[in-house]
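Presented sequentially are two complexes of chain A, the first with chain B as partner and the second with chain C.
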Partner chain A sequence: MSAAAQREARRTEALDSFRVRGMPHRRFEHWRYSDLRAVLDAGQVAQAGTAKWNIEHLPEGVELFDLSVQDAPEWVMKTLGHVGNRRTMVEASLAFSEGGVALRVPKGKHIAEPIKLEIGGQGNLRWLIVLEQGASATVFEPHAHDAGYLRNVGVEITLAEGAELQHVRCAPLAPRSFTVELMALELAKHAKYYGHFANFGSRLSRTEAHIVLGGEGAEAHLSGVAVLGHEAHSDVTTHIEHAAGKTLSTQLFKHVAGGKSRAVYQGKITVRDGASGSDSRQTARALLMSPRAEADLKPELIIFNDDVKCAHGATVGDLDPESLFYLRSRGIPEKDARRLLINAFLEEAVDVIGNDTLKETIWHDIEAALPRAMEAAK
Partner chain B sequence: MLEIKDLHVSVDGKKILKGLNLKVETGKVHAIMGPNGSGKSTLSYVLAGRDGYEVTGGSIVYNGEDLLKMKTEERAAKGIFLAMQYPVEIPGVTTMMFLKSALNAQKRARGEPELDAMGMLKLVRAKAKDLQVSEEMLKRALNVGFSGGEKKRLEILQMSLFEPKMAILDETDSGLDIDALKLVAEGVNTLRAPDRSMLVITHYQRLLDFIVPDRVHVLAGGQIVKEGGKELALELEEKGYADVVKVPA
Partner chain C sequence: MSAGSDTKDQVAALGEKYKYGFVTDIETEMAPKGLNADIVRFISAKKNEPEWMLDWRLAAFRRWTEMREPGWARLRYPKIEYQDAYYYAAPKDKEKYESLDEVDPKLIETYKKLGIPISEQKMLAGVAVDAVFDSVSVATTFKEKLNEAGVIFCPISEAIRDYPDLVRKYLGSVVPVTDNFFATLNSAVFSDGTFVYVPKGVRCPMELSTYFRINASQTGQFERTLIIADEGSYVSYLEGCTAPMRDENQLHAAVVELVALEGAEIKYSTVQNWYPGDENGKGGIYNFVTKRGDCRGHRSKISWTQVETGSAITWKYPSCILRGDDTIGEFYSVAVTNNYQQADTGTKMIHLGKNTRSRIISKGISAGKAQNTYRGLVSVHAKAINARNYTQCDSLLIGDKCGAHTVPYIEGRNPSARLEHEATTSKIAEDQLFYCLQRGLSQEEAVALIVNGFCKEVLQQLPMEFAVEAQKLLGISLEGSVG
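After this line comes the complex of A and B, so read on.
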């Protein structure tokens, strides 16, 4: 069978699978807080078309394949539609997108310059990246705020032995949009993934990462911030599977919710039988800036092995009045004092980003989003 | 400088200050002593403008203005400074950056030119040296992991940086060893000036050996129950509160 025919067959499967299961809703596992079916129907997803991607400048040494070309090379064929489990929205993005992009960094290559992958427009989209053995790269994934009505992105990431990927996803303010991005990652021995997910508010945003630490010593380090106002809804859902020994995962999410916004974090960690000596740490904190804002933080731990370390914590609170008073008593106006404390709250989750330019970009967006998040509900 | 008349203050519905009268003269150092729980810190918070301290009666006039009408930050810009009994730890805000934000905010409010990073660094370094506040401390998050004595030294560093007109020191001596006490007292003494008043809250005569007060007031049961010169502090130290003052019910 030709590559094109194989892709078509896989696409038909995806289409059927989505048709049978339909849109995720409250009674789907892990969609409790973000009822997609209540706001979108399957027909809208099917007819949304294909979203846009753009790489202005491709750093030297990175291979790129445009997914709108049907006759794909083997490395694409092995990956596209084959990483992770077949969640319904993932199948939808495969079934309904006419394009997308695949990237590959060959064995041992270190790409210092971030690959800037811009995503915009309305519709479904797929992108994938393959890092071969010992390769390293940084992907910066800024989303345009022109998402229109709906954007559904499916992402596949495979990291071969010793490969290292840094990934910074930044979703700006898009108050009228529904944006869904589901990522599936597979990490081999000693591979490392550093993911940062920043969200500044849309009508409903779901960022989901399913990570399988499949090789010994593989590591996933997730961090993220959400700065939300008005009626924004941001849902970050992660599932990390420790499937091999000595694997490590850390998570640090900090969310600020003002107005009538809602910040959701669900973090599931599964430690498989064979994952002796693995270590997982998980922290999620939310700061509520208004009585009508809401945060739901749900860490979840499933362990099939006794020889593991796990630590998790989740807290929801508001700004500490004593700190606020201290700063104001030193002459700092209330608004500035609040800003200072919010920045202080977010600091450690931004600080872990390993690239200074990207760190600054995120701070810049935080500054822009703060006034909205600091408003109380009207 | 400061005139408090018949001040009544409640916290969470509980009456704490019950008709307190106190006059602080310009350029003078006033000491307030009094048993635990008598309302000393409450008084200092009301002066600084902390939320939740409800003034149910009386007045506070500061340099001819109604202090109670001013916001907390406005009071700071107008020269009120409170060195707190328990300085707050604020993770994520570095000490140096806090000092700069605070000083410049006060300057801005007063319409004075702000200091740039270099100017600020020079100023802070000079003052920090005298109080033995290390560079390393300035780089750390505000008060986080500071020892009790370090926190108090940082409070006095702020005082010397902000150059307030009315400084209130709430038990700045508690938790200090003898050397640190001398250091802090020296810092305070160099700030004594004809246009600067101080209200020193303490339990111990020891501090007042170093910072000699012009007046001593005894606060008990939410009122000033006795006033006198510096010798009153000695008398209190010898005899204890019960013998010197009759605590109102």
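After this line comes the complex of A and C, so read on.
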């Protein structure tokens, strides 16, 4: 079968699968805080078209394949539609998108310059990246403000033995849109993934990552911030599966919710019975800045092995009144004091970004979003 | 051999026979197999219930026929054939007993094996016992002392006859008839249970306790408990149970409702040791329980403490609705699963009022091939100013075939509220074990000591009488399975 025919077959499969499962809704346990079906129907997803992607400058050594070309090379065919399990919105992004992009970093190559992958426009989209053995790269994924009524992105990432990927995703406020991005990752032995998700909300925003630590010594380190105001919604859902021994995962998410916004974090960790010596840590904290804002946290541990260390912590609350009082007693006006404390609250989660330029970009966006998040509901 | 692998071997070698596995042969009066409106009428008629009660049951039954069994819990069990079970069984009805001598001696024998202090022991234990034997209460003691204080403590069937106004006012007001599949089933067919009313300002002079015991083969046990603490009162209620060995799975769907009015406090403690099935996962009780407390008045408090060691399947979420201002809800739990046992248990703390506080301490211990899940919700509503929650869930795994899971839901809608959740999962530390062994303790003693230490915060919450029993139970449940 030709590559084009294979793709068509996989696409038909995805279409059927999406038709059977339909839109996710709050009766799906993982969508209980983000009822997509209530705001969007399957027809709208099917007719949304294809979203746009752009890489202005491709660093040397990175291979690129445009997915709108049907005859894909083998490395694309092995990945596209094959990583992770088939969740309904992932199937939709495969079934209804006419394009996307595939990237590959060959064996042993270290790409220092970040690959800037811009995502814009309305519709479904797929992108994927393959890092071969020992390769390393950084992907910066900024999203454009305007996503029409819907943007649904499906991402596949495979990291071969010893490969290392830094991934910084930044989704600005898109108050009129529904934005969904579902990522599936597979990590081989000693591969490392550093993911940072910065969210500023949309009408309904869902960022989801399914990570399988499939080889011994694989590591996933996730961090993220959400700074929300008005009626913004942001749902970050992660599922890390420790499928092999001595795997490590850490998660640190900090959310600030003001106005009538809603910040959701759901983090599931599964430790399979063979994954001896695994270590998993997870922290999720939310600051509520307004009486109409809401924070929902669901850190979940599913453990099938006794030789593990797993811990999670979660808190929801306001700024510490004592810290606030201390700053005010030093003559700092309340608003500034609050801002200082919020910055301090978020800093931990931003600081882990390995690239200074990207760190600054994220801070810049946070600064811009903070006034909105500090407003109480009108 | 390292301590760890030794422990695992012993898990595999577990063959501890259920100590309380015996069957008492007394004539039971049974309703025919299956469930339909006529069976509901039969049960109601057996109890000489008034018309309104029958209507209530029938409404529940009609609703139940339209409901589906929930499947969201992390539990696997064969499909329950609801039409293949008996829904009513009563011990042989005698007119009246002048004294204990007249009670069926086999019944008394059963109680003795269970250690229920019904004769001399009752004085020593200082516990008033309303013993439930196969759904019908046959002996009630200490009535006079409670009467003096004005406390009503009786089988719920009696309460329906003697205190219809109280029952009508509160029954189903915490767990509505339509609440969930199992609660609705219970509402239709509950056989008996306990009713407690503590009047205004009264501190109940003793710990109240009921011993449940499932006896007749293939009989679902559907207990209904209703406890009302009127303004400024206090009551501590103890519930404990064991059940005989059995091959068929037995269904148990109890409902417990607690109502705490202004300034009242209810402490509800459970030690559950029903038959967990044998080492191959055959048999055992299916326990689907709906327990909920309503802190209806300001400054009221409800505290749940549970030690769960039995049952093949445990589905149980004792919850608190913190409706009044300044109310307090507490949940202390130890859940031990071994062999093929499965437990999905936790709590819900619903903060509605101002300055409401809740604390959740959950300790899960999983051994053998068992699965143990904590599932909890802490929800702070928009008006719950200054609400406070602290949650701690720790899991201990013994062996590499078992599972321990934590599924907390934390929902905050008020900025002045503070919610904290912590969870850890680990195994018994080798260095702790080594230290104990090096001091001359046997492996078994060492593990018992460490496990007891792990559960200490919960066991401390139990009333004296139960704390002793609970510690023994932990030992028995893990005997041979650890260390």
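Definition applied: the second predicted complex is superposed on the first by the 378 of 378 C-alpha atoms of A that agree within 3 Å, B and C clash if a C-alpha of one lies under 4 Å from a C-alpha of the other, contacts with A are read in each partner's own complex, and residues count from 1 in each chain.
What we mean here is this: contacts are C-beta pairs under 8 Å (C-beta built on N, C-alpha and C of every residue); 3 or more make two chains touch, one makes a residue touch a chain.
Note that the structure is a prediction, hence the values are computed from the model and not measured.
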Give one of first, second, both or neither to describe whether A:73 is in contact with chain B, with chain C, with both, or with none. neither
Once the structures are superposed on A, label A:345 by its partner contacts, choosing first (chain B), second (chain C), both or neither. first
In the superposed arrangement, does A:300 touch chain B (first), chain C (second), both or neither? second
In the overlaid three-chain picture, which partner chain does A:314 touch, first (chain B) or second (chain C), both, or neither? second
Quick one: name whichever of chain B and chain C touches more residues of chain A. C
Between chain B and chain C, whom does A:332 touch in the aligned arrangement: first, second, both, or neither? first
First (chain B), second (chain C), both or neither touched by A:108: neither
Which residues form the common part of the chain A surface touched by chain B and by chain C? none
Help me check something: in the complex, which residues belonging to chain A touch chain C? 29, 273, 276, 286, 288-318
Where on chain B is chain A touching in the complex? 48-52, 71-73, 75-77, 81-82, 84, 87-88, 90-93, 98, 101-103, 105-106, 109, 158, 162
Help me check something: in the complex, which residues belonging to chain C touch chain A? 72, 380, 382, 395, 397-427
Okay, in this complex, where on chain A does chain B touch? 320-323, 325-334, 336-337, 340-341, 343-348
